[in-house]
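The structures considered in this document are given below.
Each of the next two complexes has chain A plus one other chain: chain B in the first, chain C in the second.
Up next, the complex of A and B:
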């Protein structure tokens, strides 16, 4: 099974706007879901004004919150099944 | 830091916008900032946009370093805020934004709808003052008799009686916050230890600290002296998973700091000096308290003055490091960067002449974003730190127990009776026992924030993440080590 790539922007702007909460929410995902994503970081998506930014698969999420990100991941995981 | 709420985001947006105007030389446009912020979406929290803007104006004032009692227009406060001799300097660092204070209920014990007027009436029986009677088929508390002991709350099997307290009052272990006139909260600065727990606790963001970002930006933009960054040991992990010490150094240099010095170097010296002091105290049969945490020091000086003789006379790591820096370059401006609000007060008292400004990690991030410097993208700096690489024990000053370990294990003396407490409440409980002679120790470490500095109000990551990063810095000799 291919893993869904999830990249969290770890740039200073997204960090200030709260990416830490998102990283934490991802790390706390249930193991069976966590094992199906490939989590990583990137230094900038070039959309600082709309941060925090997270890339899930090929979808970029602006003004991301833990809830938004987990929802998109859930949908992606469903469509993968 | 207790999670990133909307209040955190609003505070950070305000800091970022103020820093951006200053960095771009457009600070005279500051009067239009409240409107810009509401247009950008900070609205709908209050009754109307006008109230929202009035509150934002106060937040901006604090971000500029001005005092809220100054009713002048924002733009007329610029010069004072940029120079170091502004009026606000003498004012306390923590203020209540009265317009934002929600006048939370003052009544402490409240009977709710869940009261069933049961037959047992445990509440009534538990009340030592006979303050409870049954009115309209429900328990009623006579406020004139109630002493708020809370026994009825515990006695009710339905949990129908609540003990509620304003979050600020509850957070303040020294009891410095109480409802003032108009029932908005007031800080008694004679008691306040500047720990910042109330700033973190208020869900309306009605308590905040003054920032010195305008002064620091003015330093960085002035070419006639060099500005040095003194970075607290709690820095590990604060700027996210991609930022290590060499990247931080590189980013701060881009911002205009001429040198970046880890305060853990000063902590190493403090550890040595304090352990020397401890040996002498033990000979005299006395107790020694650490003096590095300004909140703990304030707590003793203001609330336990009889114990003040036990405080170590060793300067804090911030001041020791500043002394090193000023000795090498007397004209240099020193900016302490840390997780702490109380350090802002320390800089204005014990630190006069040594520390020129204090930033929290949060405020530094706001300046970096304003200057469009992304630490995650910075090429790691390669130079070594003047003064050597700090030891793991110096770095561990950042967490609860770290100072105690550094001071008491310096010469491996195992029989030293020692204890550490963190968070003002735990510190108070310990000091009460010590002052009454119930417990005695050779060395007491007190930290104003839970978990130590890494739990400070100006941090960017939570204590768990910071602890993990700190451990990596002290244990792993790899890329997170100071020397690159």
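Up next, the complex of A and C:
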């Protein structure tokens, strides 16, 4: 099964806007879901005023919160099944 | 072509068991014309020996700073410092080694163990001549070193380490050379090698040094240049020109600071940028990698943190063991003799708000402060703005 890429922007703005909270939330996902995503940081998306930015699959989530990101991942995982 | 050698000196000392201070003193006089290492071992140990050796090296360095010749320095010291009436020995020993940027060395030794010279893992012999200066029999040598050469200056406490205990005749020259070679392979810096030699000496004395022991490791190398690119140019049409300038320097450490700058370099080079998963220090965003670039970090936060770290690095050398972006940047800047900052002056509007609230220095300001600090550390710093 291919994993869904989840890339959290590690640029200056996103770092200050709380990207680490998102990573923390991802790390605390249930094991069966966590094993289906490929989590990582990425360099600046160039949308600093709309940070933190997270890429889930091919969707960019602007002004991301842990809840928002987990919701999008849930939907992506559902559609993958 | 005239060679411009850079000289790194690492010094480590051990005091005799139960003594508070070390009776060996080392002074380094660095000028544009030469690097001079002055080493003196005061007779006996403790505070008396320390005062004698400090006096000797201070007189020597004071005179050398005023461009007095090595011979005259020696003469002055030999005339000034009397000999001990009881032991009929000079109150302190003295070695002066002057190294010129073209590799030429002038050495005068008085009563110290001989300077060791190592090239490509093998000891070379230094042809010395006896020379009487102010009634004292000294040894003098002139020789030429090359990049990669290693010189070892030691006090007799090092040569005699373990005498009558672990070794019948002490560690000896061979033991010292072996220890230096063991560690020189592992480190490309002089200080850790000097520390390791002193550790070996301490072990030979079983933790109770029978004499003050000092090892000075001197390495010759070619100058190191680092080129740091930070910030996209004010005019996006200059992207390509800026990256070409950044890449055209040869034999340099290439550093990129900034997320957008990293993307710009990767795009112009046609290479991928990979961001690390390590968030070692929560206040410093992770580093990234681009093939062909030595270090890629985030911009503003890392540069500001690097400025603070660089200020404190001498006070807290252990901080250098961290591997967050700011520490790695600090290490790279510290290692370089010449640093070229290519500063893009494009303003990221999203940064402006938090710059003020977090009291962060702007890219241009932080680079100017880094320049001031690095210049104080004897480095040549050039800033080009785009």
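Definition applied: the second predicted complex is superposed on the first by the 81 of 81 C-alpha atoms of A that agree within 3 Å, B and C clash if a C-alpha of one lies under 4 Å from a C-alpha of the other, contacts with A are read in each partner's own complex, and residues count from 1 in each chain.
The rule we apply is simple: a contact is a pair of C-beta atoms (placed from the backbone, for glycine too) under 8 Å apart; a residue touches a chain by one contact, two chains touch by 3 or more.
Just so it is clear, the structure is predicted and the values come from calculations on it, not from any experiment.
Enquirer: Touch check for A:46: first (chain B), second (chain C), both, or neither?
Expert: second
Enquirer: Touching A:24 in the superposition: chain B (first), chain C (second), both, neither?
Expert: A:24 contacts chain B only, not chain C.
Enquirer: If we overlay the two complexes on their shared chain A, which of chain B and chain C does A:10 touch? Say first, second, both or neither.
Expert: In the superposed model, A:10 contacts both chain B and chain C.
Enquirer: Just to be sure I follow: which residues of chain A are touched by chain B in one complex and then by chain C in the other one?
Expert: Touching chain B and chain C on chain A: residues 10-13, 15-16, 20, 23, 41, 43-44, 48.
Enquirer: For chain A, which residues are in contact with chain C within the complex?
Expert: 9-13, 15-16, 20, 23, 40-44, 46, 48-49, 51
Enquirer: Report the residues of chain A in contact with chain B in the complex, numbered from low to high.
Expert: On the chain A side, the touching residues are 10-13, 15-21, 23-24, 41, 43-44, 48.
Enquirer: Using the touch rule from the top, collect the residues of chain C that touch chain A in their complex.
Expert: 259-260, 262-263, 266, 273, 275-277, 279, 282, 285-286, 288, 298-301, 348-351, 354, 358
Enquirer: Help me check something: in the complex, which residues belonging to chain B touch chain A?
Expert: Residues in contact with chain A: 3-4, 8-9, 12, 16, 239-243, 251, 362, 365-366, 368-369, 373-377, 460-462, 465.
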